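One chain, subunit A, links the two complexes that follow: it is found with subunit B in the first and with subunit C in the second.
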Partner chain A sequence: MIASLQRIRLIAANTFLEAVRQKFFSALLLISVGLIFSASFFQQFDFGTNELKFIIDFGFGAIFFFGSILAIAVMAQLFFNEIDSRTALTLLSKPVHRSEFLIGKFVGTQFLLLIFVFVLSLVLVAILFWRESILLSRFGNEARLDALLHYYDIFIFAGVQWVRFCVIGAFTLLICSFAKTYVYTLVTSLFVLIVCQLQYIAHEMYAQMDIGPVRLLVQLVSWTFPNFQLFNVGDQLVLVGSSSLSNAAIIHIIGYGCIYVITYIFLAYNNFRRREI
Partner chain B sequence: MFSLCNSCPIVSKIRTVIIVTALLICTAFLSQPLETRVWQEVDSQQWRGTIKVVEDTLGQGLTVGILGGFRAILADLAWLQLSTVWANEDRVKLSAMIRLVTTLDPRPEFFWINAARMVAYDVPAWRIRKSGGYNALSDIQKSAIDEEQASQAFEILKRGINFHPNTARLPMEIGQIYMNRLQNDALAAKWFYEASKFPDAPEFVVRIYAELLRRQGKLVEAYKYLTQIYPSLINASDYQQSLVLERIQMLEIDLNIMKENRFQATY
Partner chain C sequence: MNDTAIQIKGITKDFISGFRGVKLRAIEDIHLEVANNEIYGLLGPNGSGKSTTIKIVLGLLRASKGTCHIYGQPSHAMSVRKSIGYLPEAPYFHSYLSGYELVRYYARICGLDRKIVNQRVDDSIELVGMQEAKNRLVGTYSKGMLQRIGLAQALVHDPKLVILDEPTAGVDPMGAEAVADIIRTLKDRGKTVLICSHLLGQIEDLCDRVAILHRGQLIRSGRVDDLLQQTDRESYIVKNFNADGRVAMKKVIEEQGGRLTNIEKPRRSLNELFLKEVELSESTHLKKGNKETK
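Let's turn to the complex of A and B:
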């Protein structure tokens, strides 16, 4: 057991180093940080949203959008690098179980995403703090009511987003386990991401449908994909005026994500163990 | 026979798909209690596009925005596009754009109020002009256009009230459309009264409500309302206090109230 964990740790560390060295990661991180920094500039296009709300919306948008791209692209790229360069073959010929290989890849990639999410949250907090200080000094107590934010909850939201990226990474791994090419994995994973984002619509649709094969199909879609709208709790967590989210709800969201991560990794292993490399 | 089926690649693939689907459905059942519990707390508070919204936005390249955040900036850019549509007096596209903007980001009151104003005040003018001008249409035709457009504006504002139930600005806007566009003092009064109940109601709402009652000939009601409201204006501006008092005195004259029975200001 300890030896297995040790092997997973080594694969994860190697995956992480490989991922960090990729130009794609650095470029995406820089773009995201730049975008959050430029939120104040984009605010010139704003028509009536509170400035801080606007920056939060922008920051959360950047975290989700670029994080999702990174979760899919890095996972797929690192997996197919190993397969194409035949290093997976060498690795798996040693006493490394295929499940350890998959878990190691997953953990290494998710560690990279954790850093990505943390850096972006830190930048967002810095920008918000800076703008809030300016607003408070400009408007004094008048601005206080609108401007106060739960800074600590930005990191909780970032954590919730990271759980979402774990689910995205896990289903990308599942697709990698049977896909033949990198491009196929990338495109399919993006489609799955869109389906997960809009899964709640399937919920609404089948509730209004008559019993029949179409309803069964829609119901099947809503059952087989996780509901990613559950992770969109930024406003509730961070803005003072919004109704707050209970700790129990946050734990439930994390639990919900974990169930899907475990299932997807198990399915990925089930496919990968029979795959010829 | 059985081993033959097992070695057949199609059977093997179908079996894999069935196993995967079955396991995912089991996972859904396992996670459903968690989802239901969180959805109750999250659903009412967050933005969610309906299937209609997704359809509306697909053609406009905004799906990425819906899926990936950036709602505020995309709604703002869509509003800029809406302004162009408004300048071109394209009322069909205007309605679609209003729906898009308010759905993308329902949080700013600005969108609801200004969209309703465009629909209630500007669109009737375009329609009348396109039909030959003010002199070419009868009063009945003109008021039919006004009523049709006003009802569309009310629909926008009532949708906005669902997102902003604690502000006076949206009910006040409905009242203003009834008052200025439809000249319906009774319904305007109803909405100004609704607006006056909110803490953020501007000072003039109280006076307009009383004035609308007066215009309907409900002098006693207007007088009662103002005399009841006056003591609560202790923290209002001097201007507001003196104006309300002036209105009370004018109503006393109109109602022929004896001097000894007249309202005594306490401050």
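Let's turn to the complex of A and C:
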């Protein structure tokens, strides 16, 4: 068990190193930081809340959009790099189980995304803090404002987003496990991402349907793909005055994501163990 | 200790392709035994099933029929891979790592202890003669260097069985000779080597036994000497022999019931000539350099 964890750690560390040294990651990180920073220049001010809300929406949008692209592209690229260049052949000829290879790849990629999310959240917090201080000093007395945001909860939100990226990474890995090309994986994963974003429609549909095969089919779709709307809890967490989110609700969302991650990785392993390298 | 390194009994491998599940037979009913501490050559044209056989030996593929054992254990058992070192054909490694980092990575993957890992990495890099380039990025290596660092990663965990798939493909004759020297060293150290190569001259010089695959079937196998020797003929290499002597010898041969079929001058191989000439030129160049510095 310890030896297995050690091998996963080594594969993950190597995957992380490979990902960090790719220009794609650095470029995307810089673009995202730049985008969040540029939000502060869109100054639509109305009693101190609209501008900050705008920056928050902009920042969270950038984290989700670029994080999703990164989760799909990096996972698919690092997987196919190993397969196409046949470094996987050398690695799997060593005492490495195929599940260790998959989990190592997944962990390495998700560690990269964790850093990505953390850096963007830090930038967002810095910009919000800067703008909030200006707003409070300018209008604080007039509007009787104390603090407008829960800064700590921005990191909790970032953690929830990271779990969402883990789910995206896991279903990309599942597609990688049977796909023959990088492009196919990329396109299919983006399609699945859209389905997950719209999954709530299926969820609402089957709730109103009578029991029957169509309801079963719609229900099956809603089980197969996670509901990504559940992860959109930014406003509830961060804005003072919004209906707050309990710890139990956060744990529920994280648990929901983890179940999908484990299921997708298990299915990916089931495909990959029979794949010819 | 098990005297048989690899034991393949009647393996067949079918690949299923397409939606209709068409079977493509890659190898059929192969029987093969590689003894401990021998160099065994696997020969065959492209598509003959060499790579499929190697992948089954490595446990990367499961045979559709038959069994494959490595030192008495099924080849797909993960524990057996600790005793195998593998150099793939035209190896490509993580270009962002240095040679040293790469060998160290594989050493750690193989479970070598932290205390001995650095020593083992140094030893295997020294064995393949890559000390000077070990800190350079793998992406900057030539083909020959890639083969050698590939050999180092295959040997770093001190495996009993070494499998080399085209170890000299794309390597110049001097590099190929260096690789051949390493393979001889491995045999001296008690290792078993299974080698796939298209360079038949090298296989002939190196291997104790060979097997020839064609269209997925084993068509010939045995000791190199047994396969190549023409047992009903003999050759004598004679120095300073004149025409009269040749006539007299022919007469004697015919009197004894034999028949002289061919007279030819012994030839060196082109490989031998090339290595000798390059070595000579190199030493002349070195001498010149020494004189100039004096």
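The definition used in the following text is that the second predicted complex is superposed on the first by the 254 of 277 C-alpha atoms of A that agree within 3 Å, B and C clash if a C-alpha of one lies under 4 Å from a C-alpha of the other, contacts with A are read in each partner's own complex, and residues count from 1 in each chain.
Everything below uses one rule, namely that a residue touches a chain if its C-beta (ideal position, glycine included) is under 8 Å from a C-beta of that chain, and two chains touch if they have at least 3 such contacts.
A quick note: this is a predicted structure, and the numbers were derived from the prediction, not measured.
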{"item": "First (subunit B), second (subunit C), both or neither touched by A:Tyr269", "value": "neither"}
{"item": "Partner chain in contact with A:Ser93 - subunit B first, subunit C second, else both or neither", "value": "second"}
{"item": "Subunit B versus subunit C as contact partner of A:Phe25, first or second or both or neither", "value": "neither"}
{"item": "First (subunit B), second (subunit C), both or neither touched by A:Ile194", "value": "first"}
{"item": "Per-residue contact with subunit A, leading partner among subunit C and subunit B", "value": "B"}
{"item": "Partner chain(s) touched by A:Leu230 [first = subunit B, second = subunit C, both, neither]", "value": "first"}
{"item": "Contacts of A:Phe165 with subunit B and subunit C, given as first, second, both or neither", "value": "neither"}
{"item": "First (subunit B), second (subunit C), both or neither touched by A:Ser85", "value": "second"}
{"item": "Interfacial residue positions of subunit A with respect to subunit C in the complex", "value": "3, 6-7, 10-11, 14, 17-18, 21, 85-87, 89-97, 276-277"}
{"item": "Contact set on subunit C toward subunit A in their complex", "value": "15, 55, 58-61, 78-79, 81-82, 84, 86, 88, 91-94, 96-97, 105-106, 108-111, 150, 153"}
{"item": "Residues of subunit B defined as touching subunit A within the complex", "value": "16, 19-21, 23-25, 27-31, 34-35, 37-39, 41-42, 45-48, 50-51, 54, 64-65, 67-73, 76-77, 79-80, 105, 107-111"}
{"item": "Footprint of subunit B on subunit A - complex, ascending", "value": "42, 45-49, 53-54, 57-58, 60-65, 68, 193-194, 197-198, 200-201, 204-205, 220, 222-227, 229-230, 232-233, 235-236, 242-243, 245-246, 248-249, 252-253, 255-256, 259-260, 263, 266-267, 270-271"}
